[in-house]
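The chains carry the letters A, B, C and D, assigned in the order they are written, with residues numbered from 1 in each.
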Amino acid sequence: MTIRVQAQPFDYGAESNAFARSSDGAGAIVTFCGVVRDNDGTLRGMEIEHYPGMTERALSTIEAEARSRWSLSDALIIHRHGALNPGEMIMMVATASRHRADAFAAAEFLMDYLKSRAPFWKKERTATGEGWVEAREADEDALKRW
Amino acid sequence: MTIRVQAQPFDYGAESNAFARSSDGAGAIVTFCGVVRDNDGTLRGMEIEHYPGMTERALSTIEAEARSRWSLSDALIIHRHGALNPGEMIMMVATASRHRADAFAAAEFLMDYLKSRAPFWKKERTATGEGWVEAREADEDALKRW
Amino acid sequence: MTLTILYFAWLRERIGLPRETVQTEAATVADLVDELRAREERYAFTFADLKAVRVALDQELTDFDAPLAGVREVAFFPPMTGG
Amino acid sequence: MTLTILYFAWLRERIGLPRETVQTEAATVADLVDELRAREERYAFTFADLKAVRVALDQELTDFDAPLAGVREVAFFPPMTGG
């Protein structure tokens, strides 16, 4: 089980391969990767603020909860903070299980909780100014199903 | 949208990175990778037989169905056939969407249909002999939810 | 009519060949299976329990009561185990 | 009691500092917020609508009616937008 909160970029593919290799015998690997998206071509960049200390605690709690609910042989969370450019990878999660349904459910659970319960805040910088990304009601609602 | 059925190994990480990069603006990337697992340490290898022609048709149909159900900017299916060793990667799917819920649902849908509706058959070779892997009832049941 | 029949996985192994060409007037897949069963013991053995067999006509999954009119390729195989 | 208060995202920007130390006898988070609001306009402005504010005590998410007894670190921030 690995949690990394870092300013520097990570290599999604290399992390996915390393995770799959170390989860020998798992059978089913699921990964999620979030990319800085530029919906209308005006995004210049993004700044991610976080709460050092609480971030790691929150991610550990979320991951422990996922492990208690599903049969996982391994899990990985990497989340960046600081300045990011459009197209850069913000974060990834990976889950490994003998059963694909567990790997999928756990990865989606980790994402849902990470979105609304881990202390990260995104600020977008566009051609016309900058502003904090507002939390989506759909993200809060997504927690209710678990 | 890419479908590849091949005997040679593929690089899960490199494919994941290339997929994420080409899905610029998608925001959410989900991948699944199936690994030859050796549950009790007796597996020597696996042989995957398939039905050339029908395999590509079935995968295309499944992928088109996923695209009609969810908002996907891209999808990828790679599946190997022939001889595989324990620990080798059998197949992967990847989905890209602006919304993570769509990317997750589509990837799980692709996996569920690929398991039971694409003409692949696995034969396992162990220390004591060889045998065809039997279809699991749970895999057939998994289709009912879609 | 002339049909190409393909066998996969344990059906291929039991019958002992991956494909063959047959002349038949069978109206449905079930009729064709009956003709094959009547041929030789290995066919009767292979098609003993149709619950364990799936069929595709011209590469589309179908049922045993599907008509063969216009079909060129019939494939028999066990439930699929991809992924 | 002495509390360290942390502010994140737009709360940090509106108040103009990332952290401060306060002496308070506030019994709950809500009491503390009332004290802060009474201090200066920028606090009143920042805490005008508590529906848009979340609070953590010693790095655990909680509610505004949570007691402050024994707490060392209070953090105020908007709904989280990670992932």
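One rule holds in what follows: a contact is a pair of C-beta atoms (placed from the backbone, for glycine too) under 8 Å apart; a residue touches a chain by one contact, two chains touch by 3 or more.
All figures in this text were calculated on a predicted structure; none of them were measured in a lab.
Where touching is counted per the definition, subunit B and subunit C have no chain in common.
Centre-to-centre spacing of subunit A and subunit B amounts to 23 Å, using the average Cα coordinate of each chain.
Spacing of subunit A relative to subunit D, judged by their CA centroids, is 26 angstrom. One finds 72 Å separating the Cα centroids of subunit C and subunit D. Per-chain Cα centroids separate subunit A from subunit C by 48 Å. Counting partner chains per residue, subunit B shows two or more touched chains at residues 34, 100, 111. Along subunit D, residues 83 each make contact with two or more other chains.
Pairwise, the chains that make contact are A-B, A-D, B-C.
Interface residues of subunit A, counted against subunit B in their complex, comprise 11-18, 20-21, 23-35, 37-39, 87, 89, 98, 100-101, 103-104, 107-108, 111, 142.
Within the complex formed with subunit A, the residues of subunit D that make contact are 6, 8-10, 12, 56, 59-61, 75, 77-83.
By the touch criterion given at the top, residues 34, 48-51, 53-54, 57-58, 79, 90-91, 111, 114-123, 132-135, 140 of subunit B touch subunit C in their complex.
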